[in-house]
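So that you can tell them apart, the chains are marked A, B and C in the order they are listed, and the count of residues begins at 1 in each.
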């Protein structure tokens, strides 16, 4: 389907596709196996200006928005959803600064992130706080001009590789979603260490680690949003912007898997003909293609709405994420099915894509949370419609 | 004014069959209202003329007579020989082999040009391999190959003796040297010829060579300029059996030393420590491609090669992946080989690879993909897992030849 | 440090075939690309100028107007200027006329320290234009360079040979042709692509160059193509399929006589 991208968006897409084809495709299986962090790909993406696509020009970026971030993420994910996170997760980590940072904070941190010189990472999740973000226990206690951080974050993407961390911590007593703040913490700050690297089912070309804060002192001015207590809002607004990115990752993974399946169906012959000529397989491909297109259209329209300044984006962001990730899981599973025995073997790329797809239904808000968001939004809308009757 | 050559579509003959459009390499023909129209990116290569069954395309090539050059003055077939430390490169002998036939067809003498210093017996060796006369330029300034002195010397000799045909090996040195000579003597040069013949009608040298990565063959002539120059790769032509009793003339040429002046400095030659056998010389080659999966698996190929006394080669994919040094690369951008036996393991058979080994006597392909293109031209093919077939084959052959 | 890189736009030759029945070329939508070896020359030019700290890279090509796409691609990699030599008079050039014309173009640039190009073009495969240009310019050359170090007005170059490499030192200006071993070409950047889109490409016709018209194009070319045909097809032979033990035995049976010299 023609999405009537601008010339610049097409240029971005082509460039990301070239990077994916020439630099990621030859190494994705190796990174999936070893779980090593793909610094060589990071370097190429940085040199090609990819890291700055969503960052304003005044901070060294390309001046694009969520749409550009999605285009880049999608193209990279078509080849490897894990390595794509070296870019996408950095965007997630940078958004709090981009959206809520003071001019000084933006000037200090964004240029290096835009240049790909430093990666960013977003740290909210803890062992006891996943979907229930309000349950975080990491504390940041003010002591003079510094906050003292104590606590542990879990499953942080780019953890250990990034230099710039946007961390959610409790700055006032009490529990629940109030009293949280978002602070910028730099790697190598004394008291900030990393736990072991997680051994994951999929997206193994990305780094996932624990962050451990033990009396870690952070300058007072590293609070985002101008004051304490804005943490939860910052996190939610960040997700509104980054969820289309996860959705784009899911669409990319699905597209990559679909293309492998379609190619295989054309070449593989059984009973004297290509298996793609059997209706059973063709109908599967038809459904896969339709679902991917629907997901992509939803993601792009959501991204464009966000960039156009639409206020009510929570519901549509959630819709894009839940739909695209469910599609990715279905499409990659079907792709393995179409490749049959070969699909199950590591020698062929689709089993990895299926393993990669699963996380998109879980992180940045599980699909159950997404449905909860959508559910309460549509109930409110129904009530509003009734009032107007 | 200026260029007179032109190409034209005779509209009343064109029926719009589009065979010419399909034939054009440069996408320079389009159909407008059912008639072929030639666009401005046409290179006048003439590939569209023959396919047209209606003779609707006319390519007028203007033949210019070079002022002051009477091509009848030029006589003789020369081979510019390559040597290092007094050892003549085999390709020079191979060219003398073919040169002998060409000289006979032209009723002319076969000469060789030998440049260098401390040349030992090289001139004699050239005569043993078929040269009637060897022009020797022996000077310390020529001890190491340098482009300008060598090119100036060869050009001077050509201007003095006016050979009709000049051949050189398409080696790194040859391909560097001979274009400079061709420009200096205002001659046409064709590179990497796979066949050289004399045309019956006009006695022209017919130079046949691959183009477009070996996907097509082209025959080239140089009608109005002399000498007609061509380079040929190692192992394409066949040398004559050396005859120690053969007699020939050795002419020591004294050239003005200012021809050897150059500001280029030869510093040193570094031998590639990684290649023990030059694969171009091997009679048996066991080659590995992308299907080998990694550098360590080339050990498996080495075992097979050792069992049969062969060398290890590789496709570009394996070299590009860093699994084996470039000196082992067989193919269009690697070495051309012509062994008795070529065993291709995990190589799909991309055209560029085939270009480097298709003249092997016997080709064996081992690949798990039954549709791999290499099976179409292999004498024997085994569809199977390289990691199972090669060790099993090694074991069996080692037993036979131990 | 002024580097000039000569590039050629070529059809992606992996896709070019001859239809044996009609003896015509099958060239379904073959894309045009920058000659792959020239990509390495562009990268080397950029590296040499970056190492010198100051200077520019100019890319030059001879061909029809569509070659502008190739020049823009070079610009997106960071090249500073692009010059296209384009004229109907250049059509049909063999390597002689091409070298002559490109040398005239370089002379018009007036100031250059090093001329770089790929070792050969993948359509013609002759490797003649680099040395040809050097001879016409009257400057030294080094071919098959796998490493170049520029210092004090000279280049120390490792020239690849079949069994090793020569190290030679040439004073600049000089022409150097490069092989793939020399570097790893960079990918374009977004900024580069934007800049390339808007850039102005200088176009010179034969009128802009100091040339003798008789040396141009088909008329200036000493060589002529008289025939184009499909290469001889090598026939496929016997294929063994099945259990490894069986196929290996069958193959061995065929190979042993050959290896013993009886085949």
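The rule is simple: a residue touches a chain if its C-beta (ideal position, glycine included) is under 8 Å from a C-beta of that chain, and two chains touch if they have at least 3 such contacts.
Since the model is a prediction, treat every value here as computed from it, not as a measurement.
Listed by label, the chains touching subunit A and subunit C alike form an empty list.
In this assembly, the chain whose C-alpha centre lies farthest from subunit B is A. Chain C has its Cα centroid nearest to the centroid of all protein Cα atoms in the structure. Centre to centre, using the average C-alpha position, subunit A and subunit C are separated by 42 Å. Chain centres here are Cα averages; for subunit A and subunit B they lie 54 Å apart. With centres taken as mean Cα positions, subunit C sits 17 Å from subunit B. Among all residues of subunit C, none touch two or more other chains. Across the complex, subunit B is touched by residues 11, 13-14, 16-19, 22-27, 30, 63-66, 88-89, 91-96, 99, 122-132, 134-136, 140-144, 156, 158-171, 180-181, 206, 213-214, 216-219, 221-231, 233-241, 244-245, 247-249, 251-252, 254-256, 258-259, 263 of subunit C. Of all the residues in subunit C, the ones that touch subunit A in their complex are 186-191, 193-194, 197. Across the interface of their complex, subunit C is touched by residues 1-5, 19, 22-27, 40-47, 50-51, 61-62, 64, 144-148, 151, 171-173, 175-177, 179-180, 182-184, 186-192, 206-207, 209-225, 262-272, 275, 278, 280, 284, 308, 326-327, 332-333, 335, 340-341, 350-352, 358, 362-364, 370, 375-385, 388-389, 392-393, 396-397, 400-401 of subunit B.
The residues of subunit A lying in touch with subunit C in their complex are 7-8, 11-12, 15, 18-19, 22-23, 44, 47-50, 53, 62.
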